[in-house]
Amino acid sequence: MKLVYFSWIRERLDMSDEEISLPENVISLGDLTSWMNTRGDEFKAVFEHKNVVRIAIDQEHVDDMTLDITQAKEIAFFPPMTGG
Amino acid sequence: MKLVYFSWIRERLDMSDEEISLPENVISLGDLTSWMNTRGDEFKAVFEHKNVVRIAIDQEHVDDMTLDITQAKEIAFFPPMTGG
Amino acid sequence: MTVSPHVKINVKIQTDDFDLNIEIDKLKYHNKNIGAIVSFVGLCRDESDSLSALEIEHYPGMAERQIKNISSDAIHKFSLFGITAIHRFGKIKTGENIVLVIASAPHRQAAFDGANYVMDFLKTSAPFWKKEHFKDGVSGKWVDAKDADNTALDKWKH
Amino acid sequence: MTVSPHVKINVKIQTDDFDLNIEIDKLKYHNKNIGAIVSFVGLCRDESDSLSALEIEHYPGMAERQIKNISSDAIHKFSLFGITAIHRFGKIKTGENIVLVIASAPHRQAAFDGANYVMDFLKTSAPFWKKEHFKDGVSGKWVDAKDADNTALDKWKH
């Protein structure tokens, strides 16, 4: 699975994307964000702010933490958008 | 005093403007429209429709029939505007 | 409310067409605080292919002055940097431009409101009259004022 | 509601600037039923001369698709003929254009509403992020999302 990062989340994690294999017990979107929070200090600094991290699964904006993500190809994490 | 006419009022009266001397008893805007109504069939056909004739005194839109018009230089009569 | 020294009002009543890019450049000139520019262009529709042209009559002098006043109102009401308003007169064929209003402002909603406000007044309160010429050669018909336009104007009265 | 065969949606995410006249001509092409065209141009303000440039990042693919969906929504919601939406990315200097939205419609209010609706979504829901670069050389700062923009979006939810 590909994870992609934008804006200050990309800068904080010092990478724009990565390929990962999910642990077997990560099924839902909520499982994923909880697991991300355990991946080290930089990840924790991002994912402890649950209210500012926005998520897209396969380029669709989502906010339902119970969604099954095991079939997703690409999951993106980014702060609130500031376009226009 | 100059009277000017626009749109179908101009066409109906068959003139775009005219110089007139007001009768002495014409003081207010209401007096003027009543007098216009007596100037023949074509004037009557226009000025009997009081609700559709709009008026500007010296290029300012007005609707107060009690206004004193004796000092006006130019009075315009036209139907509701349809610009834009 | 204070008005910026950058404030610009450009009003023209003309037979010629206008160029939107050029008019926007004039409003932008020497002002880097503009964050939003909203433009409205009104065109002559062919009304299901029945219309051949519009003929637009106006009251010279009064039209310019009134549109300048309305533009100045809009600038104060919405804290705009500028308004450009150009209204054509004479014969206008289907598909051609009739009217242009541009509002520039620091922020988005002010620019939208400013352009919309000036257009509502142009539709109902500026001394212009439209006559329709039809393709079947039937002699011209003066356009009636629309209740909807007057209702649109009422929304600013609060 | 039926959608006219004339309906056009043009969405581009690009580094280059855009030309408003050219984009309007594309929307008008072969359609003489358009009575109103509203354009919004968003620019990079210099914030009292402190800003030197914005850097805009976007999510390629998702940005295009989402703006196309929003444009299609707007066309159905307001019975428009077309929407053009162009958003630039990369480094944008003060005074330069950032974003363009154009809505074409038979009538005035639909065109205003259509352009305003698409802009509200671009501000809050399209995957773009802005970073400010200041003249004093202080390293860039990511722009925070504004509550006002989210409130503006809420007005369409009824």
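The letters A, B, C and D name the chains in turn, as written, and every chain counts its residues from 1.
Here, a contact is a pair of C-beta atoms (placed from the backbone, for glycine too) under 8 Å apart; a residue touches a chain by one contact, two chains touch by 3 or more.
No experiment lies behind these values; they were computed from the predicted model shown.
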Shortest chain-hopping distance from subunit B out to subunit D: 2
Computed distance of Cα centres, subunit B from subunit A, in Å: 73
Approximate Å spacing (C-alpha centroids) for the pair subunit C, subunit D: 22
Whole-Å gap separating subunit A and subunit C, where each centre is the average of the chain's CA atoms: 48
Chain centre separation in whole Å, for subunit C relative to subunit B (CA means): 27
Residues of subunit C touching at least two other chains: 42, 108, 119, 123
Touching two or more other chains - residues of subunit A: 84
Touching pairs among all chains present in the structure: A-D, B-C, C-D
Touch list for subunit B against partner subunit C, complex: 4, 6-8, 10, 56, 59-61, 76, 78-84
In the complex, subunit D residues that touch subunit A: 42, 56-59, 61-62, 65-66, 87, 98-99, 119, 122-131, 142-146, 149
Residues of subunit D that touch subunit C when the two form their complex: 19-21, 24, 28, 32-43, 45-46, 48-49, 94-95, 106, 108-109, 111-112, 115-116, 119, 123, 152
